[in-house]
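The structure under discussion appears below in the form of structure tokens.
Each chain carries a letter (A, B and C) given by its place in the written order, and its residues are counted from 1.
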Amino acid sequence: MLNNTALLAVGPDPNCNENVHGSDIERLVLLIFGGAVIFMQCGFAMLEAGFLPKHGVANILFKNMSDSFVGLLGFYIFGYALAFGGNFDEGETGIILGTRGFALAGVSSCELPFFLFQYAFAATSVTIISGALGTRSSFTTYMTYSFLFPAFIYPLPAHWLWAKKGWLLTGSSNVGVADFAGAGAVHMVGGMAALVGCMLAGPGFDRGTQSNFKRNPPHSIPLVVLGLFILSFGFLFFNGGSVVSYTLRVNTHALSGIGLAMINTVLAASGGGLAMVAHSKLRRGVLSITRAVNGSIAGMVAVSACAGFVQPWAALIVGVAGGISYLGFSTVLQRRRVDDAIDASSAHFAPGACGLLLGPWLFFQQGIVYDPSPDAFRRFGWHVLGVLVLSLWTAALSFVMFVALKLTGVLLVSEFADRYGVDRFEHDEVAYDVPRESNIQTLTQTS
Amino acid sequence: MLNNTALLAVGPDPNCNENVHGSDIERLVLLIFGGAVIFMQCGFAMLEAGFLPKHGVANILFKNMSDSFVGLLGFYIFGYALAFGGNFDEGETGIILGTRGFALAGVSSCELPFFLFQYAFAATSVTIISGALGTRSSFTTYMTYSFLFPAFIYPLPAHWLWAKKGWLLTGSSNVGVADFAGAGAVHMVGGMAALVGCMLAGPGFDRGTQSNFKRNPPHSIPLVVLGLFILSFGFLFFNGGSVVSYTLRVNTHALSGIGLAMINTVLAASGGGLAMVAHSKLRRGVLSITRAVNGSIAGMVAVSACAGFVQPWAALIVGVAGGISYLGFSTVLQRRRVDDAIDASSAHFAPGACGLLLGPWLFFQQGIVYDPSPDAFRRFGWHVLGVLVLSLWTAALSFVMFVALKLTGVLLVSEFADRYGVDRFEHDEVAYDVPRESNIQTLTQTS
Amino acid sequence: MLNNTALLAVGPDPNCNENVHGSDIERLVLLIFGGAVIFMQCGFAMLEAGFLPKHGVANILFKNMSDSFVGLLGFYIFGYALAFGGNFDEGETGIILGTRGFALAGVSSCELPFFLFQYAFAATSVTIISGALGTRSSFTTYMTYSFLFPAFIYPLPAHWLWAKKGWLLTGSSNVGVADFAGAGAVHMVGGMAALVGCMLAGPGFDRGTQSNFKRNPPHSIPLVVLGLFILSFGFLFFNGGSVVSYTLRVNTHALSGIGLAMINTVLAASGGGLAMVAHSKLRRGVLSITRAVNGSIAGMVAVSACAGFVQPWAALIVGVAGGISYLGFSTVLQRRRVDDAIDASSAHFAPGACGLLLGPWLFFQQGIVYDPSPDAFRRFGWHVLGVLVLSLWTAALSFVMFVALKLTGVLLVSEFADRYGVDRFEHDEVAYDVPRESNIQTLTQTS
């Protein structure tokens, strides 16, 4: 007996268990908030396009578009299973990785909201890399890491930190790493992979001499700021939705925490942004927009370590610290002539680590400033360990991947393409079509 | 006894019936998801503006803005009543059209979330036309179809496919057409109307000779990609929310299906986009951004036929097929010198039909590949019929409308306006104010 | 006994009372809808940047970014407490202002969704001012009012109109001012402060002679229209979410009213926009995009006075009236040579007042056109009083603030900076990096 509407009862198990998969409202939060996090792809694309010089804008936009495509396949086929396969079926997941649910095989439809939310996070992490390498990575490189990173590099830290049995989460004697919304799993991991890629790529031909390692000015501040606002919108839901994804693993419900996480996000954005505004005004006498943008992002990255766990005043402090950590890291990288096209590794890795290290001091009631107990210090120790482990894991695997690409000679586009303009060379399209003849004509006629 | 807050008890019937109007959560889904679908207007506007040459950008933006205004009136006054009037009151609606609820008269406030969601769909359909005709349709033409289309052309297919008693939905012996989220009702109908308009308009003066029917390059890739990302965001909710609007008619609740529909949407976008990336790389040796953008849209359009009804792997296939159907249709149109300014009819009509025809093969458990039963083939037959009926209905009515406009000589702007630049001619505004004197001055001083 | 996930039980009182803080769904509405309202910051930024001439675009974007930062601090530290401190604890708030909850101290975590939503409203109000003063206000001025306005000027009207014991809300004998979503509290107040700032600043050096008080044309229509679409998206949730924030104070639940409020918002946008389209076509023979954009905004502003209280046809009327009020006010300001860079005071103050004055005539069943009872006329009287009180309060305090800034000589940037280009002078960054040499080279080579 066929019936059109019966078709909706798809998937192996439509009868969701509230205690396992969350309530109707919680799954709705994952879906709506997850949709808003996916929209961060748009923010990254606009931000990166705005920051780059004009001749590579089409290329970077193409990359941002394609990493949604390719990255999704990597996460769908391999990543989710390694990170969370079996996570909702007790006893079916290890402390290192998951081993089932490849290509969503056998996954309950009740688990799909969680999948969507986690995909949004993985996609965010991938995008950090495309921004850092900018227009210089070749198409082959780009397709390779966009697939491999969310398939094999990202999932393990995500498992360690967020799967029910992940070893960093569980720690020892009830104390482990609390990475609320991905300061470690998303931003440190993505930022470190970006950093390794940039270091292996070396500085671009247009980055000046030793004494003058300058970045090209942004070709469009409106795109940069548009990107920031879209990212800020997404971050609200990135941190807010994490309340649900974080608590799902322990079968508790904490909807009231979403408000706190979202408010802490805007406060940290303010803190990071204002710190950079103050710095650029006091040190250079100008109000630097690019610094303020990156400072604000850094603040939101930092607070993603603890947005659901700290009081608003503490979130403001974490934001300021995140901004400063970005500035410091960026300065060091510039001195060492690491060519990160849009400072992506500085704006993600450094504040991510900073947030993770600050959290154990500021966690409400349980932080060291509230209660300097042995357990609180042990937690700080676990967080230090977490920062090291995440850094090493990502650095090692990214190094292998990028070195392999470098040895086979496909890491970067040719210097010719770079000088000629990668937009014309690889895409036969330019970001802005300026009808040249007419302009020249006008000018000629006038002069 | 007046009371400020009692004012909120507006509308004839504030006591919503969960079985009829959906639960609180379901109505909230319609409102939030509907809001995100309305935001697709922004995506279309940016995409179309980006694709067009510079001198008509203000015009196309004006049109996108105004079709929200005028189209809403058409749908509010006539369209909703014809499509869904009486749909929530048993026995009050026919198999061909509804006959009550004009200008929302007598409509329960509990039904308004459904109205909002359906308005968002109608608005999407209208916008497809404005993109295809681009800057060449006159203001009169534009205002006419923006009103008539959502008022009288769009509503009937919507009724046939989505109202409880619609004849295509109910079919015979429990088998009919299952158009999950508007591949037929929204995209085929909008795309066909666009196609008819373009064919009657003929090619623009700037589209080259017979042997070289080229389109102008996009004036701004950033706007195109911004548009795509906004559309992708909206499509998540377009397909996701359809779970509720689709199941409302049978009084079942299927919140868990929303996750599937959203995931299938991103997978189809990837499939369509990657198919076009591969095609342009293999066939032309370049990575075409415009192809990837349209392929990705086509994938999402195609999967809107079945996003809630198929498994993720099937959604990927539907996406790839949607991308290919767009490419094929676009190639045919170009050979036949049909001048569609942004390939809108190819990116909506073709993948819409493709998705509807593929669905019956892939529907979970009930599709032909799962169970090649007579009923499954009958369903495919109904889908073929649906594709034909939707095409013919829309072609016929659009033909009458556009021919009437052509005979009265108001279909297009004058060729003078077209050559002069419709922005200056019709709006006395230009998309970008470049202070010419100063630029020339600078140049003169330098050279 | 520490436990990672127990950390989420933050805040003094995690046990929310449904009757006081709203149900789970209602708090979720405040959070999601509040997030969308915060995104209006992006819309304002793009709209303002698009409207301004090129040389101040970076500056206005910087301002929009920073007012999110600074304004949040002002509202977080002082504003929320003055407006709503103690509002959820019976008997703890006065009729003039609240006196507790500074920096959220002692505020229940259950109240945070309401805080987030109210912050979004305060931020909207601040942004109106930054648009009006455009690029001419100095950094000092800007930081000052961005902090003081949401901290001390905005909160009192918000208290009077929206706190449970606010004197304008409670009125007398159950009749007072019903400002549904901030036509008065947000738009009139923000618009009046903007107007006072513009009048004290005087016209800019580039605004022509007495006989020709022209504004520079928008430097980018795409940014303007992008801004409008984002604002329209936000307004849906601005007005929709207000159903919850409005009814929370009386412990009733009115989810079904959200649909009405959202539909009325799009109808009013259409009404305001179409009124301006018709006006510019009939009076000037062109289709003015800038008029349509501002008319549409004015429609949404006007209906924010009553979106949850009136029938759809009435919302359409309110929208048209809002558009006309904007046009009239803008014409008067132009004649009086008040230099409002983007007509922000006209598009917010005038339609805000217009909506408040129209509401009592059109409120469903209780409006004068339904029931011309003494109470209905008394309500109109209260609304007239409300319009006067809000105008005077804001004018007085803004006057003090801006005069103080003027007397200390810091109100505006120097005329030198203004002529030189404030982007280069204050930020050492320009909105668009046009690599000049290469362009010139190309031109030279060609000619």
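Here is the rule we go by: a residue touches a chain if its C-beta (ideal position, glycine included) is under 8 Å from a C-beta of that chain, and two chains touch if they have at least 3 such contacts.
All values derive from a computational prediction rather than experimental measurement.
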item: Arrangement of touching chains [line / ring / star / complete / other]; value: complete
item: Turning angle required so that chain A lies on chain B, C-alpha fit (0 to 180°, nearest 5); value: 120
item: Distance from chain C to chain B - Cα centre to Cα centre, in angstrom; value: 32
item: Chain A residues counted as touching two or more neighbouring chains; value: 25, 28, 32, 220, 226, 443
item: Chain A-touching residues of chain C, taken from the complex the two chains share; value: 1-11, 14, 16, 24-25, 27-28, 30-32, 34-35, 38-39, 41-42, 45-46, 49, 57-58, 61-62, 64-66, 68-70, 72-73, 76, 103-104, 109-110, 112-113, 115-116, 119, 139, 220, 223, 226, 426-435, 442-443, 446-447
item: Touching residues (chain side chain A, partner chain C) in the complex; value: 25, 28-29, 32, 36, 53-54, 169, 171, 174-176, 178, 216-222, 225-226, 228-230, 232-233, 236-237, 240, 243, 246-247, 249-250, 252, 254-260, 262-263, 266-267, 269-270, 273-274, 277, 281, 284, 286-290, 292-293, 296, 308-313, 363-366, 375-376, 379, 436, 440, 443-444
